[in-house]
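Each structure below is given as structure tokens.
Shared between the two complexes below is subunit A, which has subunit B as its partner in the first and subunit C in the second.
Right after this comes the complex of A and B.
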């Protein structure tokens, strides 16, 4: 059981990290609380399903096209819906909620409400420490690690990454230094949604795909981001692992644990917030005026 | 006769001078007179639900719009009221007339508890943390199905009244009472303090305002109203189910609140009265029935693009102007302020254009 907990926690933590880091990036740069973030994850899973099962395009090609298409959709949505109301925080908030609902309903209309299964990318399993891990879960872990490394590279080793970090630090000063803040925000949206799309694509064969699959990870992701500190990437990563393991422990060790896993994860978030209102790695900002 | 004349004078001088007040009066009269004119049971049912949700949206606005505590888990109070009232009424056999108040009381306690936990949080942290509470409650409900009815909820509650008209009047009158009370509260000294807390909590504290106490009080009042709405709905539809705690309901109230325009009370109420019957009406067509939620989201999105501050402030700016000198509101057709005689904004702008001032 211990090994089960170790492996499940790590795999779920990897997926959560992909989602939470993308959300954190958008929040840090553009101060958008993007409720539609996991809706893009759902969209990517559906796109992958359509390309793979309906169009028979093969795993790699469908995955690449799905991620690309969803990223494109997100940038278009950002330009059409979010950017015109950027100054009004409340309006942005419900615009993202409305977007999520629209995606959910569109998927419900096109594919119906039933669960869709996707065949595994890789069959077979490997035994490590006496636990058999399907290759698919291993793949999730590898892809998550690769994507996170790539994002780290972009953020800390390229000029675009420098601009993103500068904008996250202080939007107005970054603007005064001649950065095109709108362009940077758009690039951030693209990167963060691409991360969510990657998560959606790798997870699709393990979980089932349905139009409401965005709600559960949304709540968990928000808990992680708040736990780690809003806008902090390190916090999101560590928070994701914490929540991943907490969920795994609850499911395996408690009776009726499957019902309680969300509640326990959220309780931990609330407890951390009570002790540290800015999250584990958040910086307590001076009040902006 | 004197009272009648006095009443007419009040009406003419205080209500009819402003188009917004006239609209509110027309709305109240229409609401109360409707069953006499058009007593269709289906329409009454929709409007009863609308009234209940209007209470809910108004209570959210007091918390989020006025005080800036943007609550993403407002359904918790709604659900607490519904479940408390349902359990008391079913297990102890109390009359719904008593348990609705008990539900509101339980919701108040829950509100003070959540408010106490959230005192140190602000901004997005508060929003996202409050999102967690109804889900924790939901997890507990599912984990103990014997007590809470699990996924099916608690059904078979007693009705408040038997006829649709009576039910409608109960909902409509309590809605009017609560909404006007909340509006009165928000317009009072208390409401001004809430505005101050939203705009700058540090400055409010520096001015000698005990902000934690005010925040707790506002959580309590808002939760009480939401719990009342929840209990009312539970007894109307005769079931208290887990759907009263879902994220969807919390998001729904956020949409109503922001769509209508925050910090107005009447904005969210207007939004509920527009959006809820609209979605039900769309759902009644077979062709668009499945598109209901989609249409709802698209409408919200489009309206927001044109009126990012919300519906009610946008409409009010079209039909009324604010006097630049005494800050009183005037009908849009007025050239001089009705109270202090100062030329109004449009007039000032025209004069400046003629003279060529910058």
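Right after this comes the complex of A and C.
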């Protein structure tokens, strides 16, 4: 049983990390609580489905177009919906909820309420410690690791990353120093949503695509980023692994209460918040604000 | 001027006359979803068949059927469902109501329909409470009749009968006297009674229950549950799933190459779209179902083939709106009226041969359960095709297959 928990928790944690990192990034940098984050993940999954299954464009081309198109949509949404109300956090929250619901209804209108399946990018499975793991899940882990590395590289090894960190550190000073903070925020939104879109493309083949698929991961993702510390990428990664393991332990220790795995994850989040309100890894640059 | 008024008046009278020649039947269902699509498709077929043959004979007067589309949106909102019933009754002036899917929504819809004393033929919800209402407060709820599916308790009877057949095959093929059963039931009210009955009765049926796993009905991942079931050495995964988790279970069992066989109630696996939704991984997944190209009754084959030809896919049990309208026609023609109070006693005594079975109502206005009456069938997904295998004595049934070991 221990090996089951170890492997299952790691794989599921990887899936969650992919979603949580993007959400955390946009909050840490632009203070935008983007509730539509998982709705973009849903959009990418639908886009990937349409291109791969309906248009037969192949995995690589479908994935590239899906990620590109959804990222473009996010930039347009930022300019039209988020930027005008960015100074008002509550308004941003409401606007992104509205965006998510609009996407949901659009998909419902276009594809109906049918559950759609996407073929696995990689077929087959491997046994690790006696536990069967499909290759697609390992791919998710690899992509999650690659995405994290890439985000780290962009943030700490490029001029854009320097601008993003400066903006996150102090928006007003960055503005006074001549940085176009709106453009930086837009770039951050694009990176963040691109991560969600990548998650949609690699995760959707192990899940079921439907217009409401954004809701369940939204709750889990919120639990992860609050647990790890809002805005902290490292916190998101560790939070994702913790939640992945907590869920696996819940299922194995309490089979008849498997449906409680989400609730247990949220309970742990509340407990951590009570003991440490800033989460496990509160953002360092936030402290200077 | 006077001529214009006379022409307008004549037009109005003609329109009113035309309205009086139709019987308005509201089809209630979540129209953006497969369930609602089947509600509507089954109803359209029945309407076209009846209208083409001259309509319904109401006391010597032929009346055509006019369908009213009532999108209940009940997957997302129960209040939307009750509002829809209000609308079709008060604005669209529907004479009869047919459909519904989620028990929670149909229980609420039943109340509105009973307020207006409208005959409501259920074609989707299984909860016993719908029929218990009739027994406990007959005067209020007598207008409710359940056409499909059998009530939850009867679904259990069918499920256990099929489970016994599957267990026998495992005993013969694998030489295991007591097959191990893992119960995989979504967390929902409708499964509670079935789970309790399974835990109590399966050992008496010489099956060993190795555990109960209860994921959420909308869970997107059950790898942990399946890993635990694998560890428990289950031969049968007894599924009680109505939500999308049914697709996830089918797909992930296939991805893991599990040797256990999945059988039970898996609503998603009843749909033709299941194979695609599970990315072609759900081989051997089995479930209770309603329609297949078999001779459950003399009408089954003809209906299923006509449905497939018209809509390009097999009907799900919600297409029982077809049987419901045909049943209503028979009752109206016998009673010679569309008056609800006069139709109730006629419906109560009716024995109607439908496409899904022979429908007779008990005192709760539930379909009488039994072979030759209303049991449903069992099907198994085999290489992308839904193959019917139970009840074995029905002509057209095929053999049940097990994964290679």
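As a convention for this text, the second predicted complex is superposed on the first by the 281 of 289 C-alpha atoms of A that agree within 3 Å, B and C clash if a C-alpha of one lies under 4 Å from a C-alpha of the other, contacts with A are read in each partner's own complex, and residues count from 1 in each chain.
Operating definition for what follows: a contact is a pair of C-beta atoms (placed from the backbone, for glycine too) under 8 Å apart; a residue touches a chain by one contact, two chains touch by 3 or more.
No experiment lies behind these values; they were computed from the predicted model shown.
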| item | value |
| --- | --- |
| Touching partner for A:90 - first (subunit B), second (subunit C), both, neither | first |
| First (subunit B), second (subunit C), both or neither touched by A:98 | first |
| A:274 touches, of subunit B and subunit C: first, second, both or neither? | first |
| Partner chain in contact with A:230 - subunit B first, subunit C second, else both or neither | first |
| Subunit B versus subunit C as contact partner of A:252, first or second or both or neither | second |
| Contacts of A:120 with subunit B and subunit C, given as first, second, both or neither | second |
| Touched partner set for A:69, first subunit B, second subunit C, both or neither | neither |
| First, second, both or neither for A:262, with subunit B first and subunit C second | both |
| Contacts of A:11 with subunit B and subunit C, given as first, second, both or neither | second |
| Intersection of the subunit A residues that touch subunit B with those that touch subunit C | 108-109, 256, 259, 261-262 |
| Contact set on subunit B toward subunit A in their complex | 70, 117, 120-122, 124-125, 127-129, 131-133, 135-136, 138-140, 142-143, 200-202, 247, 251, 254-255, 258-259, 262, 290-291, 293-294, 296-298, 300-301, 304-305, 308-310 |
| Subunit C to subunit A touching residues, read off their complex | 30, 32-34, 37, 75, 186-187, 211-216, 218-221, 223-225, 227-228, 230-231, 244, 247-248, 251-252, 255-257, 268, 273, 276-280 |
| Subunit C-facing residues of subunit A, complex | 1, 4, 8, 11-12, 15, 108-109, 112-120, 125, 131-132, 134, 136-137, 205-208, 210, 212-213, 216-217, 247-248, 251-252, 255-259, 261-262 |
| Residues on subunit A engaged by subunit B in the complex (per definition of touch) | 27, 33, 35, 81, 84-85, 87-88, 90-91, 93-95, 97-99, 101-102, 104-106, 108-109, 215, 218-219, 222-223, 225-226, 230, 256, 259-264, 266-267, 269-270, 273-274, 277-279, 287, 289 |
